[in-house]
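First subunit A sits with subunit B, and in the next complex the same chain sits with subunit C.
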Partner chain A sequence: MPQHPPPRPGDERTPGRAYSARFHLLDRQIVTEDGTPLAKADDLELIPDSDGSLVVSAVLIGPTALAPRLRGRPARLLNALARRLTTGPTDHHARIAMGHIIRIGAALTATTPPVDATLHPLEDWIRDNVIAPLPGSGHAPG
Partner chain B sequence: MRLADLMGARVIDVTGRDIGHVSDVRLTEAAAPSRRLPGLHVAGIVIATRRRSRLLAYDHRPVDAPWPLTALARRATRHALWAPWTAVTAHRRPPRTGEPGTVTLDQTAASLTPLRDMHAHWNSGT
Partner chain C sequence: MKRVLAVTLGILTAIGGFVDIGDLVASSLVGARFGFALVWVLLLGVVGICVYAEMAGRVAAVSGRPTFDIVRERLGPRVAFANLTGSFLVTLLTLAAELAGVGLALELLSSVSYLLWIPAVTFAVWVVIWRTKFETMERIFGLAGLSLIVFIVAVLHLDPRWGDMWQQVTHPQLPAGEGLPTYLYYGIALFASAMTPYEVFFFSSGGIEERWSRKDLINERVNVFLGFPLGGLLALSIMTGAALVLHPEGIAVDHLSQVALPVVVSLGKVGFAFVLLGVFAATFGAALETALSCGYTVAQYFGWTWGKTHAPRAAARFHLVVIVSLLVGSMLVLTGIDPIKVTEYSLVFAAVALPLTYLPILVVANDREYMGEAVNGRLANSLGVLYLLIILVASLAALPLMFATKAGL
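This part shows the complex of A and B:
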């Protein structure tokens, strides 16, 4: 079920390539190798290297990751709302390790399997506890 | 630490002057032997010196054509500066969600490279 244009040959991550974080990574769709949409890149996790530089260790996903990128009251409102609705630890962000990102192009291609319980816990909880009990929900398309 | 702590952060030069905000962060792919950790390293920051400027993604590489976009890109980046990560002496997280963090440099704004001077170099490499 490919739902995204196929990657181009030059999208593979190779040493020496450079990226604009805002232009090439943030808000990009993350897809699996077969093109199935997985998530959207809401933020990046950075860890220090021994030489003082910072390395991208993971792509962060979800409203708690997105909130700090907004400014002012909307950021605090989204953050509070996301924390209120979260089903796991409030300081936990859904993440895809950068090692799983194999291509950076129009979309980020990840090797993560599409059914990953840690990526969309709130969606999973709503599907199982709110949508599924509704009469007829088993016949819904998609 | 998160990228959101850097994006939009106020940039303070060595004299303590607020010279703008972080408009973008440039990342480079490093090979395993050259660094302890392979992967995407923060190469530096693009500083927008205008309060409302976001540079419209022209901070990544120069726009060569068509000419109206070239003119717009040059105009958008004429005040922008480039600071390599080695020039960053400290970075503080935002005090609360929704507020900007702070990045401190070891140079003055006058000694930083204008972004337009970096474009040719970047374009040849990426």
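This part shows the complex of A and C:
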């Protein structure tokens, strides 16, 4: 059952179209193909191309990827909080390779990624330990 | 019939968002203290919330992106983080005030102290969020909140001299003994009670939960242009009642029971029963909205799955934020802090935080990449820019006025 509006047509990536990393990619919402929010594009992974120019290879997600971009006290706060709350290795950012991003529009659409245990460790932990044990947690109120 | 029911989102937002504890308190307090001298601010606020909510709703319907998502996209993570902190705390403070409002309505009914009701009220709010369908929730509380129409009946029944009233509305004068800074301070609180940010968070997120699309733009506009003016009319009648009954007697509003007093004087016990039902429904509805808005803002900033249409286990972090907000809000009330003061402060801080939430919506509503043909027209832009200026002035003036007047003493 689609819970959110499905991605709009016309946002498919077309070869040769130029996108601004800062404007079109950073801080955009990433949704799955049925429109469910997946994550924010918290940072980008850049690798040098064969001719030396930088290419966006993946979208990095999670609070540890976001924290350095906040700078100053908020950055330290969020980073400390994220490190204490994480259940996985701390030096690892979850990433979605650019090949999985099929539409760039008001939101980025990713092909439904394989269930990746490192994508949302905090969500998984909260679901298993806090929310799921409460009665009725599997029932969508609608 | 479906069309009629579809309008209930606007009515709930208007009743719960417009006539919530903030409006009950601000309208009544201002009416009792300044008579009709601040009616113009209320009208300014109603037009403002229509302009703002129409843009935010249109952006949500056309681009599918809710307000706080846009806020981070346009302001960048750093400024948006500061905005998130501010908006979240204001919404949390408002949530605490709404919970206290529900408790106070029950206290007036049962003579059992509102503090004893708080745990039960908090639990009930959570159960409704956890289990009830979004549309059912809107309909029950939106429609029950309509019993606040009793304030309009009460004013008509008081049979005031309309000519005199009109004269006082159009020629506002400072009552004897009040300073200009205090007048302006309460003006800003009243303006903020109309343009509370959480109304727009809730309205745009609610539109997405109801799966609005470009086709629903008419529905969205009917919601805005019917719901908010209706809320404004109710607020106006609350203020008028206070100005007619409380102002001449010099009664100050420092408890919720004084808000009901004009209706009791005019209509007696039956009127009081309607006020209790209306206040209960309006504050309970607003408690739902503010609790959900706490979750919406955080989840949309960080990009989590959010929303009532998901099973809670599919949106675990969102539901955890809602639960923690409810717990913190209820504990704040249980400290015994004065609910009327909490309401006043939440309004002033809301005025301070408003521009950072308003500006990104105005920018995106003009962006063809998001909006296609549904960008702002000339009217929406003229009003949008005019209100940006008003909101900026109110935001900059709010804290200095607060300090200068010792919070309106």
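The criterion applied here is as follows: the second predicted complex is superposed on the first by the 117 of 142 C-alpha atoms of A that agree within 3 Å, B and C clash if a C-alpha of one lies under 4 Å from a C-alpha of the other, contacts with A are read in each partner's own complex, and residues count from 1 in each chain.
Convention: contacts are C-beta pairs under 8 Å (C-beta built on N, C-alpha and C of every residue); 3 or more make two chains touch, one makes a residue touch a chain.
Worth saying up front: this structure is predicted, and the values here are computed from it rather than measured.
Contact with subunit C, but none with subunit B, is seen for A:G138 once the two complexes are overlaid on the shared chain.
Contacts of A:E123 after superposition: subunit C is touched, whereas subunit B is not reached.
In the superposition on chain A, A:R76 makes contact with subunit B only, not with subunit C. When the two complexes are overlaid on their common chain A, residue A:A106 makes contact with subunit C while staying clear of subunit B. Within subunit A, the residues touched by subunit B in the first complex and by subunit C in the second are 69-71, 74.
Subunit A contributes residues 2-5, 7-8, 27-30, 35-42, 61, 63, 66, 69-71, 74, 78, 105-107, 122-123, 126-127, 130-132, 134, 136-142 to its touches with subunit C in the complex. Residue ranges on subunit A touching subunit B, taken from their complex, read 13-26, 43-57, 60, 65, 67-76, 79, 98-99.
By the touch criterion stated above, subunit B contacts subunit A in their complex at residues 1-8, 23-31, 34-43, 57, 59-60, 85-86, 94, 96-100, 122, 125-126. Interface residues of subunit C, counted against subunit A in their complex, comprise 63-65, 69, 72-73, 76-78, 80-82, 129-135, 208, 211-213, 299-314, 316-317, 319-320, 369-370.
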